[in-house]
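Encoded as structure tokens, here's the structure I'll be asking about.
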Amino acid sequence: MKLSDFPQEVQDEVATTRKIVCDLHQELINWGLVMWTAGNVSQRLKSADLFVIKPSGVMYSELTPESMVVCDLDGNLIDGTRKPSSDTASHAYVYRNMPDVYGVTHTHSTYATAWAARGEEIPCVLTMMGDEFGGPIPIGPFALIGDDSIGKGIVDTLQDSKSPAVLMQNHGPFTIGKDAEASVKAAALTEEVARTVHIARQGAIYSKVLHPTKHKDLIKIPQEMIDSLNDRYTNVYGQ
Amino acid sequence: MKLSDFPQEVQDEVATTRKIVCDLHQELINWGLVMWTAGNVSQRLKSADLFVIKPSGVMYSELTPESMVVCDLDGNLIDGTRKPSSDTASHAYVYRNMPDVYGVTHTHSTYATAWAARGEEIPCVLTMMGDEFGGPIPIGPFALIGDDSIGKGIVDTLQDSKSPAVLMQNHGPFTIGKDAEASVKAAALTEEVARTVHIARQGAIYSKVLHPTKHKDLIKIPQEMIDSLNDRYTNVYGQ
Amino acid sequence: MKLSDFPQEVQDEVATTRKIVCDLHQELINWGLVMWTAGNVSQRLKSADLFVIKPSGVMYSELTPESMVVCDLDGNLIDGTRKPSSDTASHAYVYRNMPDVYGVTHTHSTYATAWAARGEEIPCVLTMMGDEFGGPIPIGPFALIGDDSIGKGIVDTLQDSKSPAVLMQNHGPFTIGKDAEASVKAAALTEEVARTVHIARQGAIYSKVLHPTKHKDLIKIPQEMIDSLNDRYTNVYGQ
Amino acid sequence: MKLSDFPQEVQDEVATTRKIVCDLHQELINWGLVMWTAGNVSQRLKSADLFVIKPSGVMYSELTPESMVVCDLDGNLIDGTRKPSSDTASHAYVYRNMPDVYGVTHTHSTYATAWAARGEEIPCVLTMMGDEFGGPIPIGPFALIGDDSIGKGIVDTLQDSKSPAVLMQNHGPFTIGKDAEASVKAAALTEEVARTVHIARQGAIYSKVLHPTKHKDLIKIPQEMIDSLNDRYTNVYGQ
């Protein structure tokens, strides 16, 4: 099936979505989340079982709305002059299995990937983590690219979690949202909390090793306070 | 009471202040102090008991002077087409209780927030800290958003301190000043000294663990020298 | 022999290559890989035994295609108004001894150089490392500038390795590729993995020292999975 | 004595130098060496015992050639509409006591200042350090602003050293050169080597604590090789 076989409404939403997804890739650069051609963002359509994603291995400075690729929910190419991102199958698996998700972002952002290399979840010790993630950022399984393993690992980890982010072991973060922008925001905040909590922990080594009587470790936030933060943020924050 | 009910002088100061506060938000981006929509700056007016603050959850690239929100000192919306920042109640509490303060800034800047996650004050080991802060940067209590707890924590911590910055536990820095620009400057310097002292301490772990006979720890600055630095900086520096 | 003595085809390729090599130097700045005048990129011609390289000690903001220098494979100046890069002899040695290499990049990028200062190879614990490097990034010998020692160290280390990058001890990374762009990409990814693995290791110190029962160290990726990643990336990724 | 009392030749050199010094302040921003209004660059004239320096406490975005201040070698204001930098007395002391120095730069750059907070010199373990510094970067004494203490500390430390940089204890780096550009270059490279050696050392903690049988510490460069690097760089590198 070709894009021209779809109703005009779908073709119009594809055009709008190509622009949105292209612009959001620039946010990955703006916030320092990607190197060279790594990373990708997609958004699912409301009007058809299709999604728009980045082409594979293209420099960010060369991305245009027209270069964005349209795939169906099995990851088949529907429209576009380029090969879709090599992570397309993982995005498609998420959309097939999480019907409320309309945006997916993947990066290898530095600090988040460092936690992933140890397979260690990020503990919730910041109010901004309570706001956005509602608890720790969990680890997903080690999985190779090429089949549904990565997609399945994302879905298995996130479907019972408040967190919109999973750190795939040895690989990097995948984030989800109600649209592509929400998933990119989650990717930006994932890196920020990965970095802040890393630095907070490293600072605790100093007093432990040099001044043990004045030792200061991370201070946990009680779960009911995390729930309160997450509830307010989800229901009150923003316009 | 609506803004049009205020004297022309007040309406003019609101217009000027909206431009100042909008431009200062760009400084938060320029100096790397905020991610996505986090962070906010406000300035109190001289001509009325009002202040101008950022709208809630709006991207920095979309901020304009017109989008800035005007509130009274109880945090009630007086003018603006958007909802005020979710930290508005905390800014309002500071203005009500610290009559010399005309500017407040809040960020989640990375290194300052990392100290806050441990509830550990930043010791004064740099001459630039003596200049700007006159001693350590103190920790404020853990407090949830939604009432006056954060505002009260800021005021209780800062009212007897030379420091214009407080690190609210698990949350991040709030800074005050004689105007919004002074509070943004304090926010920028808070992050810089948080980062520099963190790195200085981490470097001390190396020699302690690997070369204990050549160990070098942070060197304290005597309080009378800190006082001398702070006095000169407050009274002589600048134009 | 002067450039004007070469066939028109060669002169045309020189002009094209000067533009390519000049633009790629800007990528070194964009990705934060170089300070001041440090670092250099070269590309070998297809039509003659010549290569194009950066002039010595010139600021990046002053580089133009015309300022790029043309040398033969012994490093002799063939065309250009400036002295060639002080690393020209090393680039020339690589081209003489690795006939499939048409691009070489050298930087002192921070994290890669930090591994080089310890003479410690970077272990392959990230899927993106498996993709691009196919295993660890190896260390080359200590060698002084001024003769073929650096070039020989690069070639001896890389000729039996899948990695396009070598960290020369106490010095910094050299990377190779099928053209200059591939070598610059390898330089950018070398710094990114050097940084990510460094941070991942530092995070492991925290739990070892403070919470040994919950200790999380780097998780190794089995070599057959690294081979699978590297094979797919080399043969399937991109357009 | 006013600037208009000096010969035309001097007035012309002042105009040229104001432009040079203003532009070099932008390099401090470009390379991330300064925050807010911190940091300053000066250049001594060839035609008279005068130097040009930044005004005190002015934002970098507001600096113009005209705003640069002219002082004599005792630090007295000769020309300019603004107060000179609060570090003017230190620059003046250096020019009076080191007749070959025509450029001085001062920053609080993060990593260099972190070494200064411990009073620990930076060991020479990188070939780029051998090139530019010819050995370790030394520590100067703790000194308060307001008299000649800082200037004397700089001169006492640097006059018998190959290094163009000194880290003043608890304060930050001062660098010197044959002109302002050389001193700014030394400031940029001081921060880069401070950062790289810091990271190299931190990486050595990991193997010491977690994998002591595979421990890798910094590898020293023999002094005769450092001398060889420094000699070549000083006499051969560049155009």
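Here the chain labels run A, B, C and D in written order, and each chain numbers its own residues starting at 1.
Note that contacts are C-beta pairs under 8 Å (C-beta built on N, C-alpha and C of every residue); 3 or more make two chains touch, one makes a residue touch a chain.
Note that the coordinates shown come from a computational prediction; the quantities given were computed from them, not determined experimentally.
Chain A and chain C carry the same sequence, and matching their CA atoms takes a turn of 90 degrees, rounded to a multiple of 5.
Among the remaining chains, B is positioned farthest from chain C, on the basis of C-alpha centroids. Both copies, chain B and chain D, contribute mostly unmatched positions to the interface they share, with under half of the numbers common to the two. Centre-to-centre separation of chain C and chain D, using mean CA positions: 30 Å. In this assembly, the C-alpha centroid of chain A lies 43 Å from the C-alpha centroid of chain D.
Shared interface positions of chain B, defined as residues touching 2 or more other chains, are 202, 204-205, 209, 217.
Contact between chains, as defined at the top, is found for A-B, A-C, B-D, C-D. Note for the complex: chain B touches chain D at residues 31, 125-128, 185, 188-189, 192, 195-197, 199-200, 202-207, 209-210, 216-219, 221, 225, 228-229, 232, 236-239. Those residues of chain B that touch chain A in the complex are listed here as 35-38, 55-58, 82-83, 86, 108, 110-111, 113-115, 117-120, 142, 144-146, 169-172, 198, 201-202, 204-205, 208-209, 217.
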